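The structure appears right after this line, and notes come after that.
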Amino acid sequence: MANLPEILLQISTYFVSAGIILATLRLIIGPSMADRVVALDTFTVISISLITLIACMSERVIFLDVGMVYAILSFIGVVAVARYLEGGL
Amino acid sequence: MEWYRILGSIITLIGSIFLFLGALGVFRMPDLYNRMQAGTKATTLGTILTLLGIGICHYEWIGQILVIIMFIALTNPISSHALARAAHFKGIPLTKGSVADKLKEKESTEVEVD
Amino acid sequence: MDRIIKVIFSTGILTLFYFIWTGTTDLYNILIIAFIALVISIIYNRSLFKPMLSPKKWIYSIWYVIFLFIEIIKANFDVARRVVSPKIPINPGIVTVKTKLKSAMGRMILANSITLTPGTLTVDIDEDILYIHWIDVTNIDEKTATEKIVANFEKYLEVIFG
Amino acid sequence: MIKRLIPLLLVISLFFILLKVATNVAPNYDLTGVAKTYAEQGASDLGAMNLVTAIVVTYRGLDTLGEVTVLFMAGTGIALLLRRKKKKNDSGIKNRAASEILKTGSKLLVPIITMFGAYIFINGHLSPGGGFQGGAAIASAVMLMFLADSSFKINHKVFVLIESFSGIFYVLIGVLGLVILGADNFLDNRILPLGTFGTILSAGTIPLIYTLVGLKVGTELASILDNMKGELE
């Protein structure tokens, strides 16, 4: 029972990884460009959770900085693609 | 027994299940807008819960976790709104059996500005 | 004068943000960061941070956050139900709703809240009309849709940003 | 068929990578050679908590100066190539304005992202990151302004001024090392007191240099973005 938290976190990592794989599948089969971007958005948001989980499991706080930068870049990336698609750039 | 660690990891597990369901929604839904619905809602709550659980496990990180949660909760809806708007303007259709599309009338009369 | 208050408030918010992020107790650190926050606030003159002084607004904000969190959880069970069921039960469409909110910030928060709550996604906004993708359209009439989608949020947001 | 097969292989390999990440996350403890020397002596020599920063700015400070120069050259080159005569917009395509929500959101987010960029380079000697990364974060804030407002223009005079002055001060700090501490001490960080290990005013000139590098990189990348946007119009 002592390492119950570790086991639960491990299971969460499997769920998150499965989510990433589903998003990647949609990224590949998505018929239009916008579908792929939606998949990419989901992919990056889920990745932030994965980064944080890794930070928790390896006990290193610096991964949280990485997660924040990743959040910023994913937001700006998706907005940039959206503005490009609608011809606003 | 470190009860707070168990609580935190259970919250994280719930969050990760929501993340998985969000990705499943993105994979299964029939058209772009419905995918976006599943993607945005489920990933936002999933990320919030996952991060919050880890923040409870490692309570010394809670400040940084809260800032990331705030940022995600603010940016995720904005980015999916921008994407949905662009996709609709681009003419990506709604799925068959959609009831109404009132935006089309507006876009056809939209005066493009610089 | 208005501008000075805005700059000071923006500096305070940015410093607070840094303080929450690092959790530092070093005085030099905070002073240096306050200086940088001041420079950023002066350079970036479109900042929307405004002082919110009346305690009523604060109480309503806290209530709003709790209310929104409950709505988000409801939204997720809704999405989960739809996603897991073998024949995806949807009846989608784009409807219009009208908002009474005037401030830009209030409208943004309203649109974000709509995106995060059950079955609705803000697609476009045009002054006071919001175009909403609704996963389960029950009524395409504007008045009914407004009643169903935005009325709950507006109760709080009208006070907070009013 | 092959077109479908390659993505499938990619997904399978991604699965195995994720599996490896998920099953064993363990830091690598063994160091060899020059890394060992840096790791053992860096902290006590230079007083920087983040050893990578100490290496980048002091042991390999000259290289960093070179990198900043390369970035400057790249920026200049892009400006040279893309600054053609503005073509008349006669194709009839006009820019679609961003939605109100994105505009409001960007007004809220730009100061926060800029602040985060400042955090990255101010704390370069304590946490991961440093001048280049902070500069990139600041440039991404500028990019968000471009995205939200298609008529947004940056103030070129101010940008050039900041860029030049930060470059000059960077070299000056390097030369000060030569003057104060003697030969082969270019860019030595010990011309300022090392301070208490782990606080913001430590590690000598490293925070100062990283602030300058951050400003320089941020303005350079923002100018590159501006040039590219000018080309798109």
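Assorted remarks:
We call the chains A, B, C and D, going by the order they appear; numbering starts again at 1 in every chain.
Everything below uses one rule, namely that a residue touches a chain if its C-beta (ideal position, glycine included) is under 8 Å from a C-beta of that chain, and two chains touch if they have at least 3 such contacts.
Keep in mind it's a predicted model, so treat the numbers as computed, not measured.
C-beta contact counts were set side by side for B-C and C-D; B-C has more. Averaging Cα coordinates per chain places chain B and chain C 14 Å apart.
Rounded to whole angstrom units, the spacing between the C-alpha centres of chain C and chain D is 31. Per-chain CA centroids place chain A at a distance of 23 Å from chain C. Look at where the CA atoms of chain B average out and do the same for chain D: the two points lie 29 Å apart.
Residue positions of chain D with contacts to 2 or more other chains are 95-99, 101-102, 105, 108-109, 112, 116, 150. Touching of two or more other chains is recorded for residues 17, 21-22, 108, 111-112, 122, 124 of chain C.
Across the assembly, chain B contributes 22, 24, 36, 44, 46, 64, 67, 71, 74-75, 78, 80-82, 85, 89 as residues in contact with two or more other chains.
Interchain contacts (touch definition given at top) occur between A-B, A-D, B-C, B-D, C-D.
Within the complex formed with chain D, the chain B residues making contact are 71, 74-75, 78, 81-82, 85, 89, 112-114. Note for the complex: chain D touches chain A at residues 7, 10-11, 14-15, 18-19, 21-22, 25-27, 93, 95-98, 102, 109, 113, 116, 120, 127-129, 133, 137, 140, 143-144, 146-147, 150, 229, 232. On the chain D side of its complex with chain B, the touching residues are 94-99, 101-102, 105, 108-109, 112, 150-151. The touching residues of chain D, counted against chain C in their complex, run 99-101, 103-105, 107-108, 110-112, 114-116, 118-119, 122-123, 199-201. Touching chain A in their complex are the following residues of chain B: 1-2, 5-6, 8-10, 12-13, 15-17, 19-20, 22-24, 26-27, 32, 35-36, 39, 43-44, 46-47, 50-51, 54, 57-58, 61, 64-65, 67-68, 71-72, 75-76, 78-80, 82-83, 85-87, 89-90, 92.
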